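Each of the two complexes below includes subunit A, the first together with subunit B, the second together with subunit C.
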Partner chain A sequence: MITKCIRPSNLEEALEQLNQQGYDGKLIAGGTDLVIEIKHHPYEKSTLIDISRLKELRFIEIGETEICIGAGTRFSDIVNHPEMKGICAGLWEACSSVGSPQIRNAGTIGGNICNGSPAADSVPPLLALDAQVIIKDTTKTRTMPLKDFYIDKGKVAIEANELLYAIKFRKPKKDEYITFEKLGLRKALAIARLSCAVFISLGDGDKIEDIRIATGAMGAYPQREEALEKLLIGEVFDAPLIEMSTQEIFNIAKQRLGSRSSAVFKCEAIQGLFGKALRRAAKEAKSYDFHQFNS
Partner chain B sequence: MISISLTVNKQVYQVEVEEDLRLIDFIRDKLMLTGTKEGCGEGECGACTIIMDGKTVNSCLVMAFQAHGSRITTIEGVAKDGALHPIQQAFLDVGAVQCGFCTPGMVLSAKALLDENEVPNRHQIREGISGNLCRCTGYNKIVDAIELASSYIKEGQQDETSSSGRQ
Partner chain C sequence: MKKRGRGIAAAYYGTGYGNGFPDVSRARAEISKDGNIFIYIGATEVGQGAKTIFCQITAEILGVETQDIHFVCEDTSQTPDAGTAAASRQTYNSGNAVKKAAESLSQRLMEQAQNHLQLNSVHGLKLENHWVYLEDFPKKRVHFKELVKEDTLIVEETFTAQTVKMDEETGEGAPYWPYTFCCYGVEVEVDTETGEIHVIHGVCAQDVGKAINPELIEGQIEGGFAMGLGYGLMENIGLSKGEIKHNRFANYLIPTALDVPELEKIIVEDPSSTGPFGAKGIGEPVMIPAAPAILNAIYDAIGIRFYEIPVTPERVLVAIKDAQKEGKE
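Moving on to the complex of A and B:
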């Protein structure tokens, strides 16, 4: 039950408070997931620390080679940003597909990452961008790969006294592109909110220099599909390769989802989603003769 | 209890609220502004939409204490000097209201949209109200009404320079 509310006025104070409250403290930002939990389930923590208004957490920095986004950045901040769509389309697409305008105005990218929901929309593109999370407590700042941040459903590698400060990733270059696809259902109706992001770097002769694939809701948490990536790196991007890789993602899904009731549906659907994300990424990465693949 | 001060419909409030109170409960039960509706309580239906610091949010997903220092507009705050807001008038003129449960939220989503984009196309209108569900009217009339409201607002601006504006 919530019995105490704290409104720190800056980041330092927030970290202090988080440190003092220990396991009783819970950060609240956009509230779009947490308030439902507080209202509808017995809530085990007693103290809410509101970080929704901390300006220090709300920024988008686009550098020469790197992009850094504050954890308190709203989805609508990303969607309305003049450059984000052009620079990292897949992330932009994911943020604009989140919930509704109201949810995008409140929900933050940091909240999306930390709640550890398997279906968090912004996470697969961030994974495909090989993002790093920057985590702070009162004394130190540490950085770790986002892909190691997820431990289990709803579980992330952050301590009770730590706060997700920002997320950063290398800025995609020419010949590189990132896409995102998800099943276009309203959240309320979606049994399975499957999604997929593909980052591709194409070299001469359509050789795949690098590829990173991430899925959402295909398992307990959003994850990189590294086994599949390994099969594709160094290969020439062509129709048989697309065929092979969609078959492979079917196999991966099948093995991972086992006998879950949604498995049959998801195994089929992920092929379509992944195929679409892959084709689009490759097409955009290079002015490519796309039509031969676009059956 | 925690004390908050905030502005709702241009009126400043300084009040004590329970720690676990949601903003929607504060608005409805403490301020008695019952125009804001609760449909799902989970961010799906948009019946609880309010405008907070210029942006629409679902008031069922905000804690009351988080609203400290904010400026809020609810449906009760959109009419001016006893005259309906052009959006409200347009909803009536088109017949975009049946049971009316979704209407406050629809009107506020429309207002936030028109505040940013005076002449949205139908696609943009649909996108603007995509977080609001209506179970009875159907969306075409609502989109029609928002289109009409956009023209009312433009006319009104022209009228203001000549006469006293729409009745």
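Moving on to the complex of A and C:
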């Protein structure tokens, strides 16, 4: 049961506290998931370490080649940022689709990542951007790919004394684009039943130089669909390729979801979601007339 | 692919408890010694605007502004019983009781004014701004306060709806009085790849008898449409072996503001002969045609009839797939 709440005044103090509390300490930022968890279930940890006011964790840095976002950055910060929509449409779309304005004002991108929900909205686009997570403890800073950060449902590769500091990824260039599609059961305050992000880099003659595909709520955690990516890299983007790739994602979903009651629906729906995300990404990456792919 | 379709649905609805069941509302009207007007009624305000329209009805009859009415409701130690806020009956039933009480109070005021002003009759007396005056000779006037100097003026009236029990053998009878009628038209967009349904437009025509407060009616239509939309497309208690799985608003979904389209509202006025100023109740009827109109529009869009609600994306996709299979066989 939570009996104590500590609010460190800077990052160093927060890491110190996390180190001292060990397993009893739990970080809280926006609290949009954690508070519900604490209220509804017996909670084993005793101390909350409130990092919601740490300025060091709340930043969006857009460099020449790289974008770095502090873990304590609110969804609203991203949604209201003047450049994010233009540079990383898919990430912006995902952050815009989180909960409601109130939840976006409180919830943080770091919380979304660390909570480990298979339906976390911001994670598929970050995976498709091939993001790296930057993790700190009192003595060191380490970096790892986000795709390796997920272990299982609700489980991420972070130690009790560690804190997710920021997330970074290469800034998309010309001829590159990222999209996000989400299937929720209503237009706001909806948990993703299924989501999909596609990053595409198109070269001359519509050759797919690079593509990264990530799905949400299609398995125990959000994941990269690397098998599918391999089939598409180097190919020419055309209608038969779209057909082949949607069929392939159906096969992947079918295998992964097995006999789950939602499988029939999700296997159908992921084709539609992925198809949309893919067509739109390609259309935006190359701004010529792409209507032939939009049925 | 996104496919659009249109659908309509109409409903008629009997106001009140009906079927011969005693449907009674009582209201008390008072003028206190300091000249203030009070209405006491056991009717419950649940957001439908009963308080507002009862004040409007009283103000209309007593020739004052609505804010001049001191309105007391819900407190059973102070108010006479007016039945439940149910069956869309408060405007009609309790509205009639309030109107009768206000009329009775008006009559008493005029009788007292007749005495006070030493007139031969109450004919030609008018009420306005807490004065009773003779229309043809407005100098002949007396303030409410003058008339209640001695005693508070109190009247209580009862309205009992006329309903006839149906014959159990033949089903004949006149179980409700009055009926309201409504018809909604909607346009939907169905995404055949994801099963999502987007209600993009709605037109709601609602017979109200007489609109006592048009804005409240529009609000009630908006709310009713939203409820009907949720009923048709989202609300699902998730019953599994007798257990309700969707027991929180996190998983028992109702529409958000973003899910409800802009609505065109048409108020149809055809005064009811027995309603207060011709008004009828529309509390519940406004919800009824929304879901069937939406389901008809879905049929128009994709050619599939749904006989089970809510029509979720999951059901839509599975139905489309089944229809494709059947088509192939």
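The working rule: the second predicted complex is superposed on the first by the 287 of 295 C-alpha atoms of A that agree within 3 Å, B and C clash if a C-alpha of one lies under 4 Å from a C-alpha of the other, contacts with A are read in each partner's own complex, and residues count from 1 in each chain.
We take it that a residue touches a chain if its C-beta (ideal position, glycine included) is under 8 Å from a C-beta of that chain, and two chains touch if they have at least 3 such contacts.
In this text, all values refer to a predicted model and were calculated from it rather than measured experimentally.
Of the two partner chains placed by superposition, A:Lys171 touches none, neither subunit B nor subunit C.
Within the superposed three-chain arrangement, the count of touched residues of subunit A is higher for B, of the candidates subunit B and subunit C. In the superposition on chain A, A:Arg256 contacts neither subunit B nor subunit C. Once the two complexes are overlaid on the shared chain, A:Lys85 sits clear of subunit B and of subunit C alike.
Once chain A of one complex is fitted onto chain A of the other, the partner contacts of A:Phe265 are limited to subunit C, with no touch recorded for subunit B. Common to the subunit B and subunit C contact sets on subunit A are residues 36, 100, 186-188. Contacts from subunit A toward subunit B in the complex involve residues 1-5, 7, 28, 30-32, 35-36, 38-40, 48, 50, 52-53, 76, 99-103, 105-106, 186-188.
Partner subunit A is touched in their complex by these residues of subunit C: 1, 191-196, 234, 250, 253, 255-259, 312-314, 317-318, 320-321.
Those residues of subunit B whose C-beta lies close enough to touch subunit A in the complex are 2, 19-20, 22, 40-44, 46, 49, 55-58, 60-63, 65-66, 68-69, 109, 112, 127-128, 130-132. On the side of subunit A, the complex with subunit C involves touching residues 36, 100, 183, 185-191, 193, 262, 264-265, 268-269, 271-273, 275-276, 295.
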